[in-house]
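Think of it as A, B, C, D, E and F in the order they're written, each chain with its own count starting at 1.
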Amino acid sequence: MPYVNIKITKEGATPEQKQQLIEGVTDLLVKVLNKNRATTIVVIEEIDTDSWGIGGVPVTEIRKKNK
Amino acid sequence: MPYVNIKITKEGATPEQKQQLIEGVTDLLVKVLNKNRATTIVVIEEIDTDSWGIGGVPVTEIRKKNK
Amino acid sequence: MPYVNIKITKEGATPEQKQQLIEGVTDLLVKVLNKNRATTIVVIEEIDTDSWGIGGVPVTEIRKKNK
Amino acid sequence: MPYVNIKITKEGATPEQKQQLIEGVTDLLVKVLNKNRATTIVVIEEIDTDSWGIGGVPVTEIRKKNK
Amino acid sequence: MPYVNIKITKEGATPEQKQQLIEGVTDLLVKVLNKNRATTIVVIEEIDTDSWGIGGVPVTEIRKKNK
Amino acid sequence: MPYVNIKITKEGATPEQKQQLIEGVTDLLVKVLNKNRATTIVVIEEIDTDSWGIGGVPVTEIRKKNK
């Protein structure tokens, strides 16, 4: 039943890490809300760092400052 | 008026198929809810199969098992 | 597999109309892309007319002008 | 950094259960991807069962059949 | 053309404030990207504070601590 | 606090233009609703023109007609 959408910046998440997120979030929904595992969908979307802003600043710029 | 977002796995949907989805969904909203065709927006987003999980398993893994 | 999100203004869509949208969109995805009906999810969200803007104007105001 | 949107049907999730989901998903993103906890946002949206369709059938109807 | 979705906590935003957001965001897209005002859609969604988590904590709890 | 998602067609928006959108939308939310700048997230997603339909027609086709 549940649909979970995870948006993260495109900074090298591996297929294995994505699998861990998919498993972990699905387990959580089954455990906490007793949801039907078979129809639980988790979608991960990776966004370019110049298309993601925090506090009005693109992450690309935040990363430059933190170097 | 309506905004429709269709998320599918990235598995070769052609421009023609996407056009069929756009037309079909728009027609449905006009027919069922009498919505204004001119401002009906349909957006299709294609997601990598390792970023889409069903039942806690990435579609990439599901596809491997089904081979 | 597919996840479809339909956003419309909250202007009296009935359960029957929503069922027609759910059926119609699901049928379309099965027909056009041969998707798995059992894991196709369609979610309809209804938004207050003062929270929906077209061309910079809330729908509430558009409706007033059109009376 | 991450933004997580959880859509579930409106079937009585309590504030305590939502807090468990918020904590669990945030912990998972920190653990798996080492994300910044302070800017991790988790939003839960609850949808009426006649506005959520699986396999072309509204959940309201699915629930009736399962009684 | 553009579709903008603004999610905020449900903490008393007035219709006038929402109209300011709709106008402001639409003007920005026209000015910066020369988009077509007539088909620019802005949707505002208000979320209960116990359904919105930051840093793993529901906003309801954050508000209590800040009192 | 707020999460803003801006969907536009993939037609050459530059990093500088995206930065202008991120700054402008964040400033607007701080000014109009007095939101916390530090946890305001703006995400821009660019969609292929054959995956974006207006009035039942993919933007790719609209662009061809307007040439």
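Just so we're on the same page, a contact is a pair of C-beta atoms (placed from the backbone, for glycine too) under 8 Å apart; a residue touches a chain by one contact, two chains touch by 3 or more.
Quick caveat: nothing in here was measured; it's all calculated off a predicted structure.
Separation of subunit C from subunit E in touch steps, taking the shortest path, is 1. Most remote chain with respect to subunit A, judged by CA-atom centres, is C. Rounded to the nearest 5, the angle that brings the Cα atoms of subunit E onto subunit F is 180°.
Relative to subunit B, the chain whose mean Cα position lies farthest away is E.
Residues touching across the subunit D and subunit F pair largely coincide in numbering: over half of the numbers involved belong to both copies. If each chain is reduced to the centroid of its CA atoms, subunit B and subunit D end up 21 Å from each other.
Centres computed as Cα averages put subunit B at a distance of 14 Å from subunit C.
Contacts with at least two other chains are made by residues 3, 7, 25, 38-39, 41, 43, 45, 52, 54 of subunit D.
Taken pair by pair, the chains that touch are A-B, A-C, A-D, A-F, B-C, B-E, B-F, C-D, C-E, D-E, D-F, E-F. Touching subunit F in their complex are the following residues of subunit B: 15, 18-19, 22-23, 25-27, 37-46.
Here subunit E touches subunit D in the complex through residues 7, 45, 47, 50-58, 60-61, going by the rule given at the top.
Across the complex, subunit B meets subunit C through its residues 1-9, 13, 17, 20-21, 24-25, 28-29, 32-33, 35, 39, 52, 54, 59.
On the subunit E side of its complex with subunit B, the touching residues are 3, 38-39, 41, 43.
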